[in-house]
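Okay, so chain A shows up in both of these, paired with chain B first and chain C after.
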Partner chain A sequence: MGNFGLLLDGFQIALTPTHIAIMVIGVLLGLVVGVLPGLGAPNGVSLLIPLTFSMDPVSAIILLASMYWGALFGGSTTSILFNIPGEPSSVATTFDGYPMARGGQATRALTLAFMSAGTGALVGVIVITLLSSWAADFALRFGAPEYFAVYFLAFCAFIGMGSAWPGKTAVSLLLGLALSSVGMDTITGSLRLTFGLSELIGGISFLVVVIGLFGIGEILMTVQHGLKFRGVSSRVDLRDVFRTIAELPRYYLTLVRSCLVGAWMGITPGGPTAASFMSYGIARQWSRKGKVFGTGRPEGIVAPEAADHSAGTCAMLPMLALGVPSSATAAVMMGGLMIWGLTPGPMLFTTKPDFVWGLIASMYVANIVAVILVLATVPMFAALLRIPFAIIGPMIVAVCFVGAYTVSSATFDLWLVLAFGIVGYLFNKLDYPIAPLVLAMVLGHKAENAFHQSMILSDGSVLVFWSNPLVGTIMTLALALVILPQLVRLASRWKRDQAEPLGD
Partner chain B sequence: MLRNTRITLAAAAALLSTVAAHAEWLPERPVEFIVASGAGGGTDNFARTIQSIVTKHNLMEQPIVVLNKGSGSGAEAFIYAKANAGDPHKLIFGTNNVYLLPHVAKLAYTTEDLAPVAALALDEFLIWVKADSEYKDAKSLIEAAKANPGQIPFGGSQSKDTDETLVALIEQETGADFKYVPFNGGGEVGVQLAGGHIAANVNNPNENLGQWQGAAIRPLCVFSPERMAKGEPIQGDQGWSDIPTCSEAGLPIESYQMPRTVWAPAGLPEEALAFYSDLLKKVSETPEWKDYLAKTSQTGRFLAGSEFEDFIAKSQDNALKVFKAEGWLVQ
Partner chain C sequence: MVIRRFHMELFVAGLTALAGAVTTFGSLELGVGWTESGPEPGYFPFYIGLLLAVLGLYNGAHAAIAKRGDAELFVEKRHAIRLARFGGPMAAFVVVTILLGLYVGTALYLFYVAWRQGGYRPLLSALIGVGFSLALFAVFELTFKVPLLKGPLEPLFGIY
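And now, the complex of A and B:
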C-alpha cells in the first residue's frame, strides 16, 4: 500500500495554513465563476494562470483545482434556482432540480445537489488514490474505436430510456447532431454548414445554446404563464439543510451507482457532462418512479450531481498520468503544468511525488472545504427565489446575455441565444424533449470524429467495434441498453394481449 | 492607391520632421493578446509566457489581456485581426497557420490582413514510434510503408495542418505510403502512440516528452538541419542531442520546423510595429524566455523585419509545393 504512505505525505503538504487559505480563496472564486453562466471554470482557470507563474507548483495547482471544484458546485446553483446551467455539466441537474425549487423546496434541492456532489467528489478522489497506477494503463487501451464505444454507451444509456415519443426524441437528437457538426471538421479540414458566415467557422458553442434553450426559453414560458413566478415562499432555514442531509442515506443506491458511472466516465474519455446525462438516464430507468422523473424527484438531482463530480475528479488522473485532459478545464490546467516546468506523463508520479500527492490530498481537503462553504450559502441563494419575477426576470435575461457573450466575446452569440430561446420555448410548448439535443451537441462531434478515425484505421469495416474484448463489451452493452427496454415493453404488451385476447 | 501612397509619404515626412517627439510610440490602452488556439495548447503557452515576462520585467506600462480565439484551426483569431484592421492594441499569436491556412481552406481573410511582427522560436518535429516498435530507425519505417502501401497508421494533429503536411512531404520525398489518421491535438496523438493504436507520429518534443520519459515511446529522428541542443538525459542515457537528424537517418528532408509567430492587424502605424518587435526582442533576451525554450525543447530564433518576411516566403513556398502535389489547394 505504497500509495497510502505517499498520500499521508501529501496531506502534510496540503494541510498547511497557507494551502488551506489558498483552497478557501480558490473555492470562493470558483463559486463566483460557476454561478455566472458562460464564465465557466475553463475561463476562470485561464484567467488565474498568469497569477500562478510566481507560485510554487503545488500551491498553484491547489489554487486552480480548488477553483475548479468551486465552479462545479456553483454551476449547480443556477441550474436549480433559475433553470440556467452555470456549467455544461450541470445541465442534467436542471431536469429535477428546477421543478423541486419551483415547488418551494429550493433549500432541499440545493442541499441534495451539494451533498451528493461532495460525495461524488470524495469517491472520485478515493478511486484516484487506489487506482492511480492501474487506471493510467487502462486508459492507454483506448483507441478511436473504444472512444466511440464510450460515447455510444453514453448516448444509449440516456436515449434508450427516454419517456418521450420516439419520433420527437429522434427529431431533437438529429437537430443536436446537425448543430454539433457546424464549423471546421477535424478529420477532413473542411467547413460544414457555415453558410459562408465567418462567425460559424468555430461551430456553435454548446454553452450558448444551453443558455438560450434553458434560460431564455424558461423566461418566455414564465411570461406566457402570466408572471406567476413570484414569491415561492420557501422557508429559509438552516435546519432544512440538516434535515435534507439526514434524508440523503435513503438514496444510497442511486448515489453509489452514480459515483461509479462518474468514475468510469472520468477515467475513460467520456467526461463529466456525458457522465451526468448517463447517470440521470440510468437512474430514471432503474427507479420504480421513473415516470415521474422531471417533476422534482430527489434521485433526479442526486444522480447527475454525484456522477458529474465523481467524473470531474477522476478526470484529473488521465491528465496527470497521460497528459490527456478529459475536460476543458483540465486542458487549461495542463497548460499551466507545462509552464511551471512539469511534464504530465507516466513519470510525473515518480519524479514529482510531492506535487502529485500534494494535489490528491488537497482534493480531499478542498472538497470538504467546498461542501461546507456552499452549504453555508444555501439559505442565501434560496432566498433569491423570494424576489418577485418583475425584478429577478430582467436580471436573469441580462445574466443570460452577458454569460453568452463571455463564452467567446462574440456579438453573434447574442443572436444565437435569442434564437435558441425561441427554440426552447417551442420545444416546451410542442412537448419535444430538449435533453437529447443537448446530449447530441456535447457528444456528437466527438463521437463522429472517433467513428471517422475508426473507419480510417479499419479501412471502412464496422467489425472494428467488436475487434477486441474491451470495445466489444462496451458496444454490446450499449446496444443492450437500447434494445432491452423495448423488448420488456413488447413482452409486457404481449402478456397483456394474452390476458385479454379481445382487447384490441 | 496612388492617393494612399501620397498620404503615407506625407505622413512619413511629417513624422520625420518631428522624429524626436514621435520616436517612441507607446500603447495607450490595454493590449489584447489574441491566441490562435484553445487554452492550454502550445500557442497558448507561448502567448501566456510572453505575457508573464512582459509583466514581470515591466516592459510595457499598459496591462495585457489574453483572449483565446482558436476555433477553425485558428482562423477565428485571424479573421478577428481583419475585422480590427489598423488597431495597434492587438497582437495575434500563431504558428505558420497564419499564412498556410488560407491556401487549404476557403476563409474570410488573406495573409495580407495581418502584419508580421516577429517570430521568437522554432518548434522541432520528430518521428516517434512506440518503445517496443519493430522499427529501429527511420529507414525501416519508410521501407515498411513502401512494402505495405496505405497500411501503416501514422497519427497527427488536425487535417491539412503542419503534421499532415510533413507526413505528405515524407511520402512525396521517399515514395512511402502511410495511412494518415488525424486527431484533435498533439497530446492525444502522443497517447494514441503510447497505447499502440497508431504506428508513428510527428509530434513536437514538448508534446511527447512525458511519454518518452516514461519509456512508452522513442524518437527516430528530428527534422532539423543540426542536432538539438544538449540537455539533461531524458530516458536512460538518451537526451535530445542524441537523436539523429532525419538527413543523417537517410531521409531527404533537411529541415521542417514550425515558427512561433506574432502578428498585428494590417495597417497599424509603423512606430507601433517597431515598438512591438522591440518589445518581443527584449522578451527573447530574458532568462525566463531561455527557461521556457529549454523546458519546451524549442529552438530560440528571433526573426523580425525583412528577415522574418524572407522566412515566411520560403516556408510558404515549401508548403505550397506539398499542398499542390496533394491537391489541397483551394481556388
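And now, the complex of A and C:
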C-alpha cells in the first residue's frame, strides 16, 4: 500500500490551484500543437522546454505532460473533423472517425474518441501507479552493464519491432548516436567531431534536431500533399455527448482489449502509433462486422483511440523508472528532465518522490481536465484549421525557428533546423523512421557512459554483458529481437520460392 | 531529368554512409584504442561511424539490387513547385533573420507570404507580420524574459 500513500501525497501537489492552472494551459497549448499540421507532440514539447528552465521541475513536468495529453486529443480532433491526422498516432482514427463525422454524427464520433482516449489514459496511469515502484526497485539492482543492456534492448526493439525496413531504422539510430557524440566529451573532456567549428563545441542539442525533423520536416510533407480542408461541421451538441457516453459500455470488450494492447506497446518501445494501428487491426479482425470497418464503425474509433492514449501514458513508465523512453515525446521529456538537473531512473523515486508522484497524480487530473476542455473547445480549435495556410504556415515556421533559437541563443542552430528539416522531409518520404534518431540522441551519452564503465569493469571484454543471468538475458533478448524477425522473413521467402515452381 | 524515388534512395543511403565515414575518420584522430584509464575518446563513435557507413552502403546496395522505387516518381512536378514556393521564402527567412534579427525577419516573412502567396492586400499583410512579431515580443521578451535574436534595427526603437 506504500504506493497508495505516495499517490495521495502526489495529489496534494497536483491539486493546488497553480498546478491545475498549469494543466489547463498545458492542455490548451497541446491542443493547438495537436491540431496544427507540422506541430506535433515531440516538437511542441521541445519548443516549450527552453521556457521551463526557470520553473520549478514539478510544475515544469506537469506543464509538459499536460501539453502531451492535449496534443494527443488535438490530433484526434483533426482526424475526425478534417480527415487530417494531427499526430502520426491518430492516423488510424481517420479510418472510421471521418466517415462517421461526415455522416452527420460528428459529435458522436468526437465523444467516442475522447471518452475512449480518456479511458485508455486512465488505464495507463493506473498501470504506472501499480508498476512504477516495483520497476524502480528492480532497476536499483542494475549496474553499468545492465544499463547498457537495457539501452541496447530499446534500440534493438525499434529495429526488430518497428514497421520500417530494419536497415533504415538502424541507420536512423546510429545517426542519432553519432550526433550525440559531437562536442565536448563528458568523460575525457576532449573535443570530438567538431571539425574545427567552434559552434559544435557545446554539441548538437536534441531539441534543435527534434524541431527540425518533426517541425519543419512535417510541415514540408504537409505542403507537398497540399491542404484540402473539407471539414465537417464542428458544432458539439451536449445531448449527443451524453447519449454517446451512455452508449460507450457496449464496446467494453474493444475498450479493454485496446487498453491492454496500448499498455503493452507503451511500456515496450512500440509506441502509440504502432499501438493504435495494431489495436485497430485486431478490432477489425475480431469483429463479426469486420467488412464494414472504414465506414464509420464505433469500434473503429474506440480501438485506436484507447490504445493510442494508453500507450502514450504508459510510455512514461520506463522513462521514469528506468530512464529509457519508449516514444519520441517521452524521449524529449526525459531530455528536459536531464536539463533541469534530474536523473531519470530508479534513484528518482527515492531522491525526488514529490516529483515522481506529483507527476503521476497530475496525469489522473490532467486527463480529466483534457477530456472536458477538448469537448468544450472543439469548435474553437477546428476554426484554427480554417485559417488560410498562407498565414498559418509561415507562423508555424517562425515559431519553430524562434523555439530553436531559445534553446541556446545561437544563430547556428537556425541553420541546423533548416538542415534537419530537409533531412526530416527526405526521411519521411523514404520511410526512414525518425523516432529512433531522437531516442538515440537523448540516450547516446548515457549509453556510451554505461558502455565505457562496463568495459573498464571487464578490461575490454564484451563478455561482461553475459556475466550474470540478468544482464545476459536482457542482451540475448535484445539480439533475438533483431535477428528473429529477419530469420522469419528469410524463411517465409524461402518457402515462397519453393512453392512458386509448383504454382506455375 | 526526372528524379525517381530510386535515385533518392541511393542518394540518401550514400549520404548516411558518408556521415558514417566522416564520423569514423573524425574518431580516428582522437584515438580509438585503449589506455590505462579505459577507452580513448574516439572508441565509441568510431564503431558507431563504422557501422553507420556499412549499413548505409548496405541500404544503398539493397535499393540498387531490388530496384526499389524505380518506377516511382520522387516528387510530382506540381508538388515540387508547391515545395519550392514554400521552401524558398523559408530559406530567405533564415538568411534575413541572421542579418536583421528574429523580429524583423518574422515580420517580413509573414508579410511577404501573405501578400504574394495569400493574395492579401499589402497593408493587411504588413499588419499580420508586425502583429505576429509583436506577439512574439510580448510572449518571449516580456512574459518569459527570454531574449530573442535582435538585429541592427531594434536599437532604433530603444529595444536592446
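Here is the rule we use: the second predicted complex is superposed on the first by the 273 of 504 C-alpha atoms of A that agree within 3 Å, B and C clash if a C-alpha of one lies under 4 Å from a C-alpha of the other, contacts with A are read in each partner's own complex, and residues count from 1 in each chain.
Definition applied: a residue touches a chain if its C-beta (ideal position, glycine included) is under 8 Å from a C-beta of that chain, and two chains touch if they have at least 3 such contacts.
As the structure is a computational prediction, the values presented were derived from the model and not from experiment.
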Partner chain(s) touched by A:P394 [first = chain B, second = chain C, both, neither]: second
Which superposed partner A:I187 touches (first chain B, second chain C, both, neither): both
First (chain B), second (chain C), both or neither touched by A:P325: first
Contacts of A:P50 with chain B and chain C, given as first, second, both or neither: both
Touched partner set for A:L414, first chain B, second chain C, both or neither: second
Which of chain B and chain C A:V223 touches, first, second, both or neither: second
Which of chain B and chain C A:L238 touches, first, second, both or neither: neither
Which of chain B and chain C A:I201 touches, first, second, both or neither: first
Partner chain(s) touched by A:P344 [first = chain B, second = chain C, both, neither]: first
Where chain A meets both chain C and chain B, residue numbers: 50, 54, 185, 187-188, 190, 409, 456
Residues of chain C defined as touching chain A within the complex: 5, 8-9, 12, 16, 19-20, 22-23, 26-27, 30, 34, 38-45, 48-49, 51-52, 55-56, 58-59, 62, 74-75, 79, 82-83, 86-87, 89-91, 93-94, 97-98, 102, 106, 109-110, 113-114, 117-120, 128, 132, 136, 140, 144-149
Sites on chain B touched by chain A in the complex: 38-41, 44-45, 48-49, 51-52, 55-56, 66-73, 75-76, 79, 104-108, 153, 158-161, 179, 181-184, 187-188, 190-192, 194-195, 197, 206, 209-211, 213-214, 216, 291-292, 295-296
Contact set on chain A toward chain B in their complex: 42, 46, 49-50, 53-54, 139-144, 183-191, 198, 201-203, 322-325, 328, 331-336, 338-339, 341, 343-348, 351, 408-409, 449, 453, 456-457
Chain A to chain C touching residues, read off their complex: 50-51, 54, 165, 167-168, 170-171, 174-175, 177-178, 181, 185, 187-188, 190, 192-193, 195, 216, 220, 223-226, 388, 390-391, 393-395, 397-398, 401-402, 405-406, 409, 411, 414-415, 418, 426-427, 429-430, 432, 448, 451-452, 455-456, 460
